[in-house]
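Below are two complexes that have subunit A in common, paired first with subunit B and then with subunit C.
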Partner chain A sequence: MAELLKPGQGPLDYGKRRWLQAVFAVTLFVLYLPIFVLIAYSFNVQNRSGVWKGFTLENYAKAWNNSDLMSALLNSLTIAFISTIFATIIGAMIAVLLWRFRFPGKPAYEGAMALPIVIPEICMGVAMLLFYARTGMMTGMTHLSWPFNLGTIIIAHIAFCFPFVAVVVRSRLVGFNRQLEEASKDLGASEWQTFTRILIPYMMPGLIAGALLAFTLSLDDFVITFFTSGPETVTFPVKIYSMVKTGVKFEVNAASTILILITVVATVIAMKFQAPEQSGH
Partner chain B sequence: MEDWKTNRSVFWTLATPGTFWLVLFFLVPLAFLFVLSFSDKAIIDGQMSINDYDYFTGISNYLRSLNSDIISIFMRTIWWSFLATLACLLIAYPIAFGICFAPEKWRPLLLMLIVLPFWINLLIRTYALIAVLRTQGVINSALGFAGLGPFEILGTSFAVIFGLVYVYMPFMVLPLYATIERLDKSFLEASLDLGGTQFQTFRNITLPLTMPGIVTGVVLVFIPCLGTFLTSELLGGTSSWMIGNVIQNQFGPANDWPFGSALSLLLMYATFGVLALRSLLQRNSKGVDV
Partner chain C sequence: MTDNSLSDAPPPAGTIVSIRNVSKRFAGGVTAVDDISFDIAQNEFFALLGPSGCGKTTLLRMISGLETPTSGQILIDGQDMSLTPPNKRPTNMVFQSYAVFPHMTVADNVAYGLRVTGVAEDETKRRVGEALEMVKLSHLAQRKPDQMSGGQRQRVALARALVKRPKVLLLDEPLSALDAKLRDDMRMELTRLQETVGITFIIVTHDQDEALSMATRIAVMDKGAVQQIATPSELYEHPRSRFVADFIGKVNLIEGRVVGKKANAVILDVPSIGKMEMATKDIVGETAAIAVRPEKLKITKAEPKDAKLVKVKVAIRDVAYYGDTSDVVASLPDGQDLYVTVQNESRDGGSGVERGAKVWMSWEPKDSLLLTE
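Moving on, here comes the complex of A and B:
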């Protein structure tokens, strides 16, 4: 009976239903239209009304020569880079801890670790602002020389990134054969040797995926950065925010396009590393 | 899994950095917020101080949030978050369903196409929406060719809800995809073979079995919607403030941190309420776990 049906008409061939394909196509169109318009306008000749006036690379040159914008972009990349290193190390340690040990109060501990993931960003943002202001860290740190003046933002970014890294690395560790660890110790390897030669190589795809996740989360963040940046430290999103509020400038589009490119490349690499892990289960 | 006592030095080495960071740079700041919400600005020499506080003065900040303006903003926040979540669900369900029934080699690519915009900076995506929605923007130009408009879209509640759906949709697609993917397709075949219509099969088989994914998706979209401040700030006007905008205002121009702290904590309690409701629903459902 089933052979008589034309392809696409089987009762379970939902993937070939025209209306499902239409919903999918329309959604993709709506999702990508604004992004492509943004990218297209980064090549538009600057004008007040914002209509298409012709192709140019002038906006990229302008963005490049806008020292405020470039230093903001450099700040954002620096913050993301430093936060990623710390968040990956701390997050991986927590992942190994939760994977390896039983200890009293573990469910509560895990709950507390998940808090930065679940609470609204704005709550964390204002809490950090309050903390920095009352402890004097805000005035203390933002007057240091670069990159230490970014410290307040970096500390906050590490705090919300490392629980995400811990989740990713832990899901990788679930597939680890604990007997490998025992064999290594039986054969006389120390705790440290076992950790660096057995566990870390196994964790590597998880570590890379976690690190790239932390990097994009940090680069992506506006709300927490907005509240934790001092008056003189400007990051890229905060700079764009103030530029957006004063009107349309195509150099913002140019700089945004570059940031989109960085994020997309990092995400695609991260997904490549995560893919084999999912099929391994 | 070994007991922590068997290898204390390793246990403490692994536990210290993360615990230290979480306590000092997350839990302590939240405690500060909690304390400040029960405090008031200090009165020094009959003048209200700018940044000195009298701690533990009572619940006046919470009583102030019973003000009708604040309540109506809270109600609006919940209502808009609800509408955005519902719209996300109605769009994301067929999409997740379509991806799950697409040819296997296409699935990762299709999923990635939906999720990729989510990785782009929230501010950039919102800024990109402005260019599309504004009066001389793409939508109005397209409508102009058809002889319609132009319509004022920016600054309306529609723009804000549209923005929320745009920004948080991937959060809905992912958990739905995860549950529908693991759904045992033979249940659907059995139902259809036994004479159930497509609609009956969907209502009686697919929907109950994918309920955990729906619940997770709803929670993942609803919670960030509640805390929105950027989308409503840039796409809406002052008349479309959500609670996040009020909080930002208290910590910014209005400079009333104790009141802002109380509002942030109320927002956090609302979040915990949603999460508690989720675990309650999850316990009662018998479907595919996420």
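Moving on, here comes the complex of A and C:
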């Protein structure tokens, strides 16, 4: 007779397998320990030896008072905000297009749209830089006044963010009951009313998830930003990098912790919205 | 074939939907609907009945405008609908999946069709209230659909369509997703609603019981064509073809060869039974089938005396006892199985019907039908 399986004893459970648990623990340790150390040190009293000297918020105050760092943060938030709006609109439009219509060359188009997800960032950065340089956009745009001097970075960020939005929104659309659309038209709604009153509310969780994803991707992007920024425009990650080059200052820890916080919160919210709904329809 | 001949009775005066030579061919060469013509009268409860894939849903969707005919015309209240999109047609549909909008409350769902067409908000409120009352959902007006049962969502879909006051209400398999008990309730509810609102209902179903019990007229469809249009009782008692006889209720079809013709009758040679005369007005080909319903067959131990009866000796193969009736399977001498419904009138188990028994089976010729198609 088969024994009743207790939780953790099934063939696919890891509860009883010590080596699996060990691998799991080591993975977590390697992944997260540096981050936790960074966060912990952001509260450490500044000293040269790097040992724990006591809790303080001084590093955060210093970061706050570092006007270069703060203007870099403002740049980053502005870039992320604007590029998120555009990436969400473009991504959603592509998602609806790919979900709704059949047209010749659709697989090729679909592949081309997903390219920025798989293409190495360094290639995209270089390509963008060459494009901007050749078309004169680099000199033309970066000499405009703020925030227009961020234009080159924003365009680059939109370009690598929208495919992520498209993927998220499209996976949401797969679950859409086409009869809802038919019902709407049958009840007298035009194509546009159906789109705004039925389809967009249905896509909303996907739109929010996609937008938050785009926001975090844009906020902490380094490589593409590095290539596409003008001489005067510095973003938060680029600024942190330049500060690290001259030795790790404790205010960098504080600044990084803030960046982590924003990203984690946005990602958690995005995952909440992306999770499949409990109630079926 | 002109389909007018399929209709046993001309439609009552005041045609609301007129289907004229409508065909629908899908990409890939599938013909879903093949040159159908018929009329539906004002206030009818009309059923499109047929097995899955017979084209009934496609026809319904063409009436609603969600599908466009490949050829032919659909007229609603005398107006050609060929160029009218679904949102401009005086029809509303209750979808098989109900298609209740998940992000709206019940009241907002019902109000949707009025709001998108610019009906004033106070009139919308009043009409939504009336519609919810009609389907007995007033107490759930502020609920979201995901907190409701299938039957309740169905009522939302009904109210949402009826609040638009369509000339024709289209229902696509409205009962198929409900459990048996709810289905009976809803069936009565639909009949009541149709009588109250006085709107033409067109229902699509594959369930003959549903069609027979609710509809005033039924179009039986098969392979994209209408086989017969008639009232439920006409359809049951006077099916036009083997397909209709077999689809509506249970029937025994006994095939025979035509060996002689008279003015209003034919002589049929049936292998197990012998030669017999059947009244008919139709032109009969080489073969024809006798159709007899199971409840019209009698089983007796002794040979029946009445000379009018058609009688044959059969062997009982199987008996299924249901209390008030028993379903009996009896084999003709040539091996064909016939189904007989026996009323269990006395307590001793009826007329000695048990497996293996050799008994006489008989029926009155007027209870059988000659089918040539």
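Going forward, the second predicted complex is superposed on the first by the 261 of 281 C-alpha atoms of A that agree within 3 Å, B and C clash if a C-alpha of one lies under 4 Å from a C-alpha of the other, contacts with A are read in each partner's own complex, and residues count from 1 in each chain.
Assume a contact is a pair of C-beta atoms (placed from the backbone, for glycine too) under 8 Å apart; a residue touches a chain by one contact, two chains touch by 3 or more.
Computed from a prediction, not measured in an experiment: that's the story for all the values here.
Once both complexes are superposed on subunit A, the partners subunit B and subunit C fit side by side without clashing. Touch criterion met: A:267 reaches subunit B, while subunit C stays clear of it.
After overlaying the two complexes on the shared chain, residue contacts for A:20 are found with subunit B alone; subunit C is out of touch.
Of the two partner chains, subunit C is the only one that A:197 touches; subunit B does not reach it. By the document's definition of touching, neither partner reaches A:108: not subunit B, not subunit C.
Legend: residue contacts after superposition of the two complexes on their common chain; A:184 is shown touching subunit C, with no touch to subunit B. In the superposed model, subunit B and subunit C sit 100 degrees apart as seen from the Cα centre of subunit A, a figure rounded to the nearest 10.
Distance between subunit B and subunit C in the overlay is 11 Å (nearest C-alpha pair, rounded to whole angstrom). Residues 11-15, 17, 19-21, 23-24, 27-28, 30-35, 37-38, 41, 49-51, 89-91, 93-94, 96-97, 99-103, 112-113, 115-116, 118-124, 126-131, 133-134, 155-156, 158-160, 162-163, 166, 191, 216, 219-223, 227, 237, 240-241, 244, 248, 252, 256, 259-260, 263-264, 266-268, 271, 275 of subunit A are the ones that touch subunit B when the two sit in their complex.
Contacts from subunit A toward subunit C in the complex involve residues 177, 179-180, 182-190, 193, 197-198, 201-202, 279-281. Residues 1-4, 7, 10-11, 13-15, 17-18, 21-22, 25-30, 32-33, 36, 51, 91, 94-95, 97-103, 108, 110, 112-114, 116-117, 119-125, 127-132, 134, 136-138, 141, 166, 169, 185, 188-189, 192, 198, 223-224, 226-227, 229-230, 234, 244, 247-248, 251, 257, 260-261, 264-265, 267-268, 271, 275 of subunit B are the ones that touch subunit A when the two sit in their complex. Across the interface of their complex, subunit A is touched by residues 64-66, 85-88, 91-93, 95-97, 99-103, 112-113, 116-117, 145-146, 157, 160-161, 164 of subunit C.
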